[in-house]
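Here come two complexes built around chain A, the first alongside chain B, the second alongside chain C.
On to the complex of A and B.
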């Protein structure tokens, strides 16, 4: 490497574009002064869409190492980045109406979402422990701020603070683990780590490496809110403004799962005997806690928090499998998860009584009479999350459980199916409230135009996934084989 | 050689002692001053291992900016530190327990430490010969070429931190009179000066 060589940057075009777009939007918001939330938001949505186009055109497998090997490309990163970009863009669109009505329409919100999305894309593309950490911090720091964006509300600031303190601890654990791994291997580069761990011989890795690996897994498990690192999730989900909760439930989860997948498979692929049991354990805990704790909730946002903890457990089943079908199963599950959650949050964001937003599960009673279409859409999403065939959620679960069975994790698959049955109870409870209970106070009739479109599209995808799953499944398989091969 | 070893132990001992004082001293201003002492000794340790650039940066950035900022915060915010410490004794046992466990783990890990045989081959940034390139140049070479991606990304993290601080704390206050130089210059005589005919004995 000469002192003056310029790094290969073209495959990172989407990230570079998004960074510049974020700064331009910030300037636009500052200089337009008041009432610029809508303009900046739509600008952010356009920027995210253009970034998605750049991911498709430039993000393919690069022959040369990008940024001296700090940045990885290929179908796996492309797949995950498209999901992240879609999740963030939809979250911004869904936030417009809510933020305006609640009087927190500040242009910094979309700007921070764009920068958080950039961090998520860097996480997905990380090819180095330092790059992983910097991407993770860029994402987390933006999310801490938008969690407490309603700064006059005690609950929102508490959510932000709690998220910040626990997030800082988890970052500390991640760094501590990384330093131990670096101390053993002498490199932070994923390819270098893979090379080191592939030549360990019979004696296995040093104790320090295993401890380091467990610390790294703990740090990342916090980000995907897997049990026992889940405590922040219900409080943060409940305290944040609902569009922020929607964002939290979608984009960062996709990015963190993709990151965990890459870290486990690429640098630590040869240590599978060491990490598999850890992942299996947190997967079981997450599935069981997600299923049981959600039953007693009265706030729909808390319920969604436990539901997302449960879903993370199912996704970890696919990671624990550690084989190619596991990876493709996780990717398919993430695709389905994105649509189910976006749709459900579109419904939650349409729950208003006399102009006020409500978030109790009881407020949904009698929904089938007042809003038959919305009730039907929510029915589809909830059935899908419960994993009832032929809806999309069933296929997500099916692929990860098949992968687990393929690699001999029968107990894990059985516990997963049982947890899924228990989980179905609380989804069905909401459906019962919507369809069979009498409404005390009906929800407002008016639903925003953006929400209608979002609900319609996501419901259609969730309902009709089984008709034409081939393109998604084929893409996910290609991405998985690229990850396993590379 | 003996002078080097002696210097190392002196600096290291003072650094650790002042670190302890940072945590234990009652007056927060004293804590910050001890922190500055700790930074200076750490800088001296860097000089001892031949990293004079990092030593200077440590003094310029940490002592010159960060510690002074701490001092300002401590003096301006007027936090009641006695009140903050009230829960200390209650959490002390569990804190000490966790500390002990971590220490035991560290000893355990450190005692059984091995390096991988591949380490020398996959090593990313080998330390260059001190005679060949001085260390300011060596750091510059790495930071702005090989690690340019991380350097830029760290810049973005700082940008987010700045936006966040402003979003969460800045308030537009009403009724604040700001100087508008443009308006002051653009003012015309007719707007501000009124010629009044005063009748004799009538007043204004």
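On to the complex of A and C.
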């Protein structure tokens, strides 16, 4: 491919489409005077769905990387992108009612979500440390703004600022690590790096490469909010408006986990002996801290922050396994995680008292009597997150732990199971509050139509996953084998 | 059809149990009785087809356990032994079901009761139709569970709960032996299927097995272990203590336990395993001894009991002793024959006693009865029939089977056989005595009941008396009808391969050729017992009191059932409670809870608090944590 010829565009069709759609939506928002939020939002949802169609049609083949080796596609990226697109689209749908009620129905929100999603898709498809960074920054910058979208609220702006400052530090680490790696390996291209590391002799990699790798992992661990790079998560989750929290908990997590998985397996696959140690450690820290710190929370959003830290720990177990079943386990877990979290946030977003949104765990008391269906749905999600069979969350955990055992990480698997026992406590506590405590002040009876649909669908998927897991498992396996083979 | 026999009661139990609110009392009674009735008719047809027609069959339902060489399936094995049991179980159980409609008419939980009864029957049918040891064990445990539920049916009564627990726990002791026996059989034969075990039994005669530290003949050890299981279920001496207490359940339950579904399981199991046990002379000796001792022991205790149901309960215990020593002298067919006749007259006696209790406004103490025979003539005459059969008076059912057993014991010629013979004769005297003591105390003399109770005495409704009449017919004719089949010259053809009696063990044949005095002994014993009772309680009622004061220690010894309960209480129950309490307070409470759940949760709470406090809210703290993390990881690699 000559430098002057026009590059092949087709593999990136979805990303290109989304970029254009984002700009069109921005224009539409700017030129429509008022009430543009709903139109732009639904437009964004449609754009995300169309992008998903394009991903399905164009993103499935493992072709040669395009754009000078920057961008690659394949079943793995396709799987992750579909999850990301689904997460973003649902987050927008769930935000509609909330934003309007809270008076922050700005059209910028859906536009920023679209742009962040574009960044996530580029992250997932990155085939070069530079491409990775570009995608990551596009995503991050959009999310910083989204976090402080309620700009007249102290908490929201504080959340955005914290996220921005700490995110900048993590970006710095990532860049610093990348430059170290470039310095010692001589390339930033994933395939090139893999080639370099595959030729290492018995002496092992240079110290500089390892230090660079640690920095890269740290930068990415910040994005998946793994301990000890998690500190921003509870504050940002709590401070941001709830639909934003829902978005944060879902799409960027999926993208960042997929990215981390890809970086570990593809360019650094031969350095598994080195990075496995780090991943195992942060996995253990995340699982344990997620389980313990969540216990004392009173705000359900903070609790969800620690819950997601814990889930990231479990996902890192699958990454640490570093084998094909680990990769497929992580993908299955991500799929399940998406549905559980969307469902839970749909419930949280339906928590209102006299028109006001509330987020205390205690506000859920007596929910089983006032909202039996919602309580039951939340019960399913919480049981699933606690990993109780036969709900979907159990299978997610099961696959990653099996993978860990397959690669001999027994201690990690045992700690993981113990942490999930501790974690079960705080999920069960919410269930106890919903089912056995008396309500002081019942939640409002009215639940939006979108929320009902979201809750119903996610609860059904979570509950019935075990009936027909084969399609998801088979797809995840295919994606995993493509990644490992590539 | 064969499948339906077994599963109809289960279906009835399921429907009545699940839809008890929708069906109501009447509906659940109809469903369970209907299912049982159908099962009974099919059971009789099966008896005719299998036992009389010789069409033995095994119906494979589906695989249950398949793991390496461990193969167990759900299968219904119908041979003559099973067919006899199925007929007895379904007939008696159906009668009990129908009777319960009347007896439980004042109880608020009729559907639950009916469902339990049907479940009990289903478990027993599963047990008798098993074609492997594991399935037998399933039925065995099912029977145990159902008996627990039924004995404790009136769960608001503490005594009923205690009795239910006692029955369950004592049975578990036996079950432990049984389970060990099953494991041992699997080790020795590498299979749990009856046919395969029996085919291989002869070749394993000399095999030995190490049990604890003691090397012994394998078949002897296994037979004794399995017999311990039978002892528990069939209330043999040592593990009999639950049976009298089981009277706490409603009377139909007692009838079911004593006649059809529970205590006969042990007898059946030993008979079923005759092709195995027959190869161990030592095990047979043990069985004979235990059986004979039980027959005697229970009969002596029966002399002094005042609760009408307890008298009958000890009589069951005693009759089971007869069955076991019959098994022990290889007279398996005599044991099963007695099992069948006993099922009829014991169910009759129990349900009759229930009818008396019903008439007496729930009074069970015989000292507060008397003089009511004119008021309830039907029950009175039915009790006579039952007692005549029990005492072995000629031409009633018990006469044929009990005499056969006693003669077979004599014919065995061994020392333990002779012991069993004399014990059997003694017990026969005692049996006749306490049976008439019961009749006279309950029905004759001047009434000792209060006027109010006495004036209320009434005959039971037809729904209760008709089952009694059916059972009475059985109690009169079953011996006469069955004798030729079970013990006549054609018995080998009748039983087919279901029972195995080795060459030289054929005591039934011997029983037909015993001296005349042996044949007369049981009859004389019966007459002697009845006469003494008549003299003691009818003609000269002061004698029993005088005897009791003169031989006070013996009287108290018998009244207190040989102090078995007290002994067990002191040796097992109280030490076990003490150990349990120590482990609970010290082991579990202090150590496990202290360091385990309580300790961990306390630590967890502290940790959680700390983890929460880490979250200061200051950006520079957060950044610091990140940097420390990176530095930590880097130094890990550089230094290590």
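Here is the rule we use: the second predicted complex is superposed on the first by the 480 of 486 C-alpha atoms of A that agree within 3 Å, B and C clash if a C-alpha of one lies under 4 Å from a C-alpha of the other, contacts with A are read in each partner's own complex, and residues count from 1 in each chain.
Convention: a residue touches a chain if its C-beta (ideal position, glycine included) is under 8 Å from a C-beta of that chain, and two chains touch if they have at least 3 such contacts.
A quick note: this is a predicted structure, and the numbers were derived from the prediction, not measured.
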| item | value |
| --- | --- |
| Partner chain(s) touched by A:162 [first = chain B, second = chain C, both, neither] | second |
| Chain A residues touched by each partner, larger count belonging to chain B or chain C | B |
| Which of chain B and chain C A:274 touches, first, second, both or neither | second |
| A:82 touches, of chain B and chain C: first, second, both or neither? | neither |
| Chain B versus chain C as contact partner of A:211, first or second or both or neither | both |
| First, second, both or neither for A:246, with chain B first and chain C second | neither |
| Which superposed partner A:131 touches (first chain B, second chain C, both, neither) | first |
| Touched partner set for A:170, first chain B, second chain C, both or neither | second |
| Set intersection of chain A contacts, chain C complex versus chain B complex | 207, 211 |
| Partner chain B, residues of chain A touching it in the complex | 1, 3-5, 7, 12, 19, 23, 26, 67-68, 70-71, 106, 108, 111-112, 115, 118-119, 122, 130-131, 134-135, 137-138, 141-142, 144-145, 148-149, 151, 160, 180, 183-189, 192-193, 195-196, 199-200, 206-208, 211 |
| Contact set on chain B toward chain A in their complex | 105, 108-110, 112-124, 141, 145-150, 152-154, 156-157, 159-161, 163-164, 166-168 |
| Chain C residues touching chain A - in the complex, by the definition given at the top | 604-605, 607-609, 611-612, 614-615, 617, 619, 621-623, 625-630, 633-634, 636-638 |
| Residues on chain A engaged by chain C in the complex (per definition of touch) | 161-162, 165-166, 169-170, 173, 207, 210-211, 214-215, 217-218, 222, 227-229, 231-232, 234-235, 274, 277-278, 281-282, 289, 292-297, 422, 425 |
